[in-house]
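Two complexes come next, and they have one chain in common, chain A, joined by chain B in the first and chain C in the second.
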Partner chain A sequence: MNERITERLKLPDSVVQKYGRFGWPLGLAGVALVIVGAFLSWSYDPDVLGDLSLNLYPGGLQILAIIIALVSLALLLIVRGPLKPRFGPWVDAALGLRAAGTWLLIYMALIVAGISAEAGGLINVNPGGWVALLGALLLFAGSRLIAPSAELRDLSEAKVPSSLEILVIAVMMAAILFGAAYALGREDAWSFVLFLVFAGGLIAIGVRTGFVTWFGHSSIRNRKVLTLAAFVVAFFFPFTQGGSDANMSIATQVLIFAATAMGLNIVVGLAGLLDLGYVAFLGAGAYVAAMLSNSAFATIDWKPPFVVVMLCGAGVAATLGLIIGSPTLRVSGDYLAIVTLGFGEIFRLSMFNLDGTNGPLLTNGPNGIPAIPDLEIGSFNFGDTHEVLGIELARFSNYYFLLLALLAFVILVFTRLNNSRIGRGWVAIREDEKAAEAMGVNTFGLKLLAFAVGAFLAGLAGTIKAHQDVAVSPDQYIFLESAFLLAAIVLGGMGTVAGVLLGATILKLLPEKLRFFSEYRLLFFGLLLVLMMRFRPEGLVASRRRQLEFHEEDEELAVAVESELAEEVGK
Partner chain B sequence: MDQFFQQLINGLTLGSLYALIAVGYTVVYGIVQLINFAHGEVFMIGAFGALSTYLLLFDDQTQVWILPIMLIGAIAASVITAVLMERVAYRPLRNAPRLAPLITAIGISVFLQEAVRLFYDKIPGFPSAKQRIPFPQIDVVTGPAIQIGDVTIQRAGIFTMAALAVCSALLWYFVNRTRLGRGMQAVSQDPDTASLMGINVDRIIVVAFAMGAVLAAIAGVSQGLQNSNIDFRMGFLAGLKAFTAAVLGGIGNIQGAVVGGLVLGVVEAMAIEYIPGQFGGSSWKDVWAFVILILVLVFRPQGLLGARVVDRA
Partner chain C sequence: MTVTDVVRDRTPESGGAPVLEATGVTMRFGGLVAVNNVSLQVVEGEILGLIGPNGAGKTTFFNCLTGMYKPTGGEVRFMGTPLPPKPRAVVRAGMARTFQNIRLFGNMTALENVMVGRYCRTSSAAVTSVLRGPKFRREEAATRQRAQELLDFVGLGRTAEHLARNLSYGDQRRLEIARALATDPQLLLLDEPTAGMNPQETDQAKDLVFKIRDSGIAVVVIEHDMRFIFNLCDRVLCLVRGETLVEGTPGEVQSDPRVIEAYIGTGGDDDNGPADGAAEEDRS
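Take a look at the complex of A and B:
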């Protein structure tokens, strides 16, 4: 997207040649104005967008503007100045500056729009806001005039000490933790959107300067560190919430959704089998947990410990997975998608009907099973508030840790399978089933295994979900939920871990924080699916191999994938 | 025995509706090998198009001559939706991997449902589509049911069956006797060769979408008359059942879609009556329909009448 905007806003070469020398001073002036502006008052009304009305004491959104300005300053100094000899050959500073200019301008324009919308009229924007907006405009103009660096070296050759790489990873992870905590702390929609624009701007700068490419290479070199750091960050997230459970409730939902989507990712992303009824497995786990729980409405009079319940739920789900997977022997492609959709509907209708009059009493029909008590493992009750290091961790935080462990387990299963003989078999089936079979891959067995493993993981997630949601009912497991799970995978990038986590977070988090658009949530969801398939079918975080499947004629990409594969084998 | 005939009639009524929608799936599939998952929404929009025409032009009237005009309104709404959908969403994906159009179709489906739900009452004088909306009652085609012996036949049911009969005849004529129809057959057999023979494949695809939309619109009106109300969700289940019908008959095969629809409707009706015990009755009929879908796909993917062998990953 950013690429498109930047390309369209490109000035003709003749203009760049003629006035290019003004670009750098103009950009510097812009940066200076933004920083000066950010220390002045932006808004007359102290009650909008946090408090932006004080001089010399920047509020949260003003600090964000300063951060972008400082990044731009560093880039300017790379174009011409003390940082040039060190970073010049590696960092594409000119393109980074263009991204910075564009996004800072969008950011400031939205700030002005936000203040005038919330406080009632442009009159409420104080001089500081206008100064910063002017600065953004100057930076925008200046960055267009700076000619892109002619020769850049290949970033995969950039060598820095591995301790430094690890440090960068740690800093990035910490930034993500603080960013997430900060974003979730924004109460009003404007601030939240503005933070998203800020984050989008930083990402765009990272992409354009090549930082993201370098980070990608270095994180491949330090994969274990990265994974560990990510989980440490996720682990410490509840401690940033100061005992408040509101955001933790959203976070637990994101985790359940992500864990389920990751299970589906095995079926769709790795094995390439489209499953449109996947939410049934989550439901199977949840229903088993509910029926075996201590709820007064539970229908089975057997109360095993939760570990047994988990295994039962996952086992039932896996059995269903085997049943649903069995037609894969004969049907494939679109037909399989419809078969799974049919199974999903059968599951929902069965849960709806098994109420004692239309079938055996198992699920209480449309009423579902309410009042499921909180989990109790040993003497640890998940409903109670516990105090750790002086920070109160309430109900949702407890579930959060359990779900985090689950997600870690799911990701472990996913990556281990992906890098195994089984995973390579799946890739072979996905890319060409007949060829795979001819090479001796047990296609039917592997496809069944994909369904069973995926269902097992979703079943596990379901057993916890039942306790966390307190109730289960058939309308939680409709087709739309399966579509959402699929969308998380498609949006993020099929077959990737990071992409699916990102997709799941976006799809669950945005509607929660943007309440004003909850009415239009599904409308945008539908539109998003269509646009994604049109413009970026491989997802936000694409695995190269997937990308190639969607862009077969792209020769350059094919070469890149080949060399990457060679690198992997060599390692 | 009366019960049998009663359920047979009910089944045929239901089946006619499925058949009308199923033709749309089958025609599009036969030509571009695409499951147009959003076809159920085309059907829903047809019903809303008819209702809109009624509300705009003939509010509170019940004469039978209104019906053809409502049908035209329904057809216009459906055809415009289907053609736009093909042009904007599907055409750019024609050579993409199979997953892409299917996901697009889900997206379109959700989008259209929501668009109707959210924006229908923004048109002045129209009711909110967030709940069920009563569908106008028209003389002759709705009203007191007809009794033959102990068998009750709803008038709207007769309309549906008659519509299916007329549409099938016209469809047969169109596909087998007109230039465009034969072009369609050619494209479905081999698009590359067909285009070498001077057939405009893009145009044929648009025609296929439009043709499916016409029948879906008629089905939408029939459903409105039968249930005397419509809502924005009506396309999902009907679309799924109709797809089942298309598969049952052999997808890609137009006669198959009609036969499949009728068979599915009758089986569903009979399941209500004749499956004993707790798993019979109307609350399980949808389950049986899906069970049939799965069994057919697994054991006879070419369908009852058979079609081109479908073997694609």
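Take a look at the complex of A and C:
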């Protein structure tokens, strides 16, 4: 894969031979121009894309350009310069520079396009913008003339002190926290998209230079540190928002979505069962919580402590899972998908019709159950604003912490089940169900268990969701939601934790920040999935085993997976 | 035939305790009778060979024994109790098998494959797996250790961390045997264990089967390699068109003209005809 893309981007050999010696100076000149340009004014109008109109005082987007330029400078110095002896054999600087050139060019072109679109015409682009664009062009051209790095050594052999590895993990996590807070702070769509391009550029550089591979290895070695750091970062996220509830609302949506997707990941990713009606289990939990919430519209006049509500909601969902699973899990593949699809619709229509006229009064039919009071655990009311360390944490921040704990629990269940007798049984079923059965694996029971555990976790998430959303109604639990959950898993990478979290974040965050394209979001996501299936069927973050299933012929990959599994076992 | 001499005393006539008793097993697929009224007895510590031309119904018979198929007639008793026609129950009872076309879990490591075989002898449930108490950790460690022992036993100890699909053909066959042994069987059914092996590997396979027998596990082998079968087995059963043609010591079967005829044919009619010939006879 790597090789194929390199081939495509390569200039003819004759050109590289003839003008290759200009590559490095061209690149350096490009980097210098971008940095100089970033200190000049980009835009005549101070009101577009943040303020980019001042000389010698770079605005946010200009700083992003400087960051990419500095990374490129470091890569140039690895190709030829003082950093070469230390990093030369390990870092694929030439490929990294190509990625940097391409993405910086896209970035600057979008800046120019953005300024002219927002302010009305190219006339509003100040010289600094043109200088930086020219710099990006030079870097783009120069990077293509630099000969590819020869004789790279295998990154898994790289010996780095583990304290440094942990430091890198910490820095990466801090960067993610900072990046997430920054991205959520972008109000206008242009700035947000430009930030995404910037992030995409950094990731592309990381992939091409081999940094991502190395980081992958080191995070396997320091898995506990990585997990801890990720949760610390997630924990401190609300403190970066300065009491703003708007972004925290989005963040809680993302967490609920991620926790639910993680539960579905057990069913789809581990046991390999296609469930198209999964959102019904989320709905079951939410409805149970709503009915037991003492809302003015609740149909049951009983309000137990929330822990009991959670268990009730999850229990009801799990029971539904068992009821729907026991007859249908004997069929497989396509049939199961259709049956679960039908089950999802049955759930929605039942909630729609249990309104006292068509059936017993349970759900108020299409009106649902509104005015659900905020959660109260002990004396802690989730609706109030609390002050911690001088920072005000409002309603959504409170729910955020609760949901974070839930997500941690779901991930714990997922990983521990995955690495156990049960998980091995699931993988065996996915690989060859007949052989698994002949080796004594209780295939039906295990599939049913996957269904029940998945439903249980979704039910848990649902009970919190009801309180956070203040209302439940049947139209929140339509088929499209199930499809989105599934899309998050497929996009991120089936059977992985990091991938599904990433997929869920992308699918929930993008529509929230890019309101203008909400009409086209289905088109966009459809296109995204088609492209993913074509170019990276294993998802953004691939479980190595899964990756193998999609690339049967790739022997190198198979050997790589072996060494990784061995590393994990060695832990 | 030194081997036959040594183990002569293990035949049913000598009164070894029977492990598996199949009586009158019949398997019909619609009008086609794949296995017709086959009876078989395997006693403790015995190696029984099952031979026959292609399409004679050997694998179908295996499938009937292991619960993959529910036989249309006859009874299979294991250690004196009737076997339910469910693969999982059969494995639990103590009868494990390998497959003619290797069916390993290709994207799992060799060790993980064998650990899956331990599934039915371990009991950690979902809640235990999440809580990870001392019992879980003990069982997990024991599973891992037993799996490693079995890999060492079949000679794959050094390839424990290799993916099953990356192993050589012969090693995959041995891994299947290790996986089957992980279920603690009293009887092991091997479906063409030497198919695709070179003579040297076949020799190793023979030694492995002896080693398994010596550890107290009875073995039934389907095989086309006659030299392998006659060197290995205490008794041989020859199936033709779904019916028992001959049963006896390797020497008897080897010299039986009907066996030679079944394999080579008389030069007359449908020599290698599949089981549908038998079906027609049966109906008349």
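Annotations
Criterion: the second predicted complex is superposed on the first by the 552 of 571 C-alpha atoms of A that agree within 3 Å, B and C clash if a C-alpha of one lies under 4 Å from a C-alpha of the other, contacts with A are read in each partner's own complex, and residues count from 1 in each chain.
Basically, contacts are C-beta pairs under 8 Å (C-beta built on N, C-alpha and C of every residue); 3 or more make two chains touch, one makes a residue touch a chain.
It should be emphasised that the depicted structure is a prediction, and the values quoted were computed from it without experimental measurement.
With chain A as the common reference, the superposed partners chain B and chain C fit together side by side.
Contacts of A:D334 after superposition: chain B is touched, whereas chain C is not reached. With both complexes superposed, B is the one of chain B and chain C in contact with more chain A residues. Shared-chain residue A:S420: touches chain C; no touch with chain B.
Look at A:P82: by the touch rule set out above, it reaches neither chain B nor chain C.
Once chain A of one complex is fitted onto chain A of the other, the partner contacts of A:G378 are absent, as it touches neither chain B nor chain C. Geometry note, superposition on chain A: angle between chain B and chain C about the Cα centre of chain A is 70 degrees, to the nearest 10.
Once chain A of one complex is fitted onto chain A of the other, the partner contacts of A:P161 are absent, as it touches neither chain B nor chain C.
Of all Cα pairs spanning chain B and chain C in the superposition, the closest are 13 Å apart.
Where the contact sets of chain A with chain B and with chain C meet, they give residues 432, 549. Across the complex, chain B meets chain A through its residues 35, 89, 92-93, 96-104, 106-115, 118, 236, 240, 243-244, 247, 278-279, 281, 283-284, 286-287, 290-291, 293-294, 297-299, 301, 310-313. Across the interface of their complex, chain A is touched by residues 66, 68, 87-88, 91-92, 96-97, 99, 103-109, 111-112, 115-122, 124-126, 129-130, 132, 136, 139-140, 143, 161-163, 165-166, 179-180, 182-183 of chain C. Contact residues of chain A toward chain C in the complex are 412-413, 416-417, 420-425, 427-428, 431-432, 434-443, 449, 453, 545, 548-549, 555, 558-559, 561-562, 565-566, 569.
Contacts from chain A toward chain B in the complex involve residues 272, 274, 276, 326-327, 330-335, 337-339, 341-343, 345-346, 349-350, 352-353, 357-360, 432-433, 479-480, 483, 486-487, 490, 519-520, 522-523, 525-530, 532-534, 537, 549-550.
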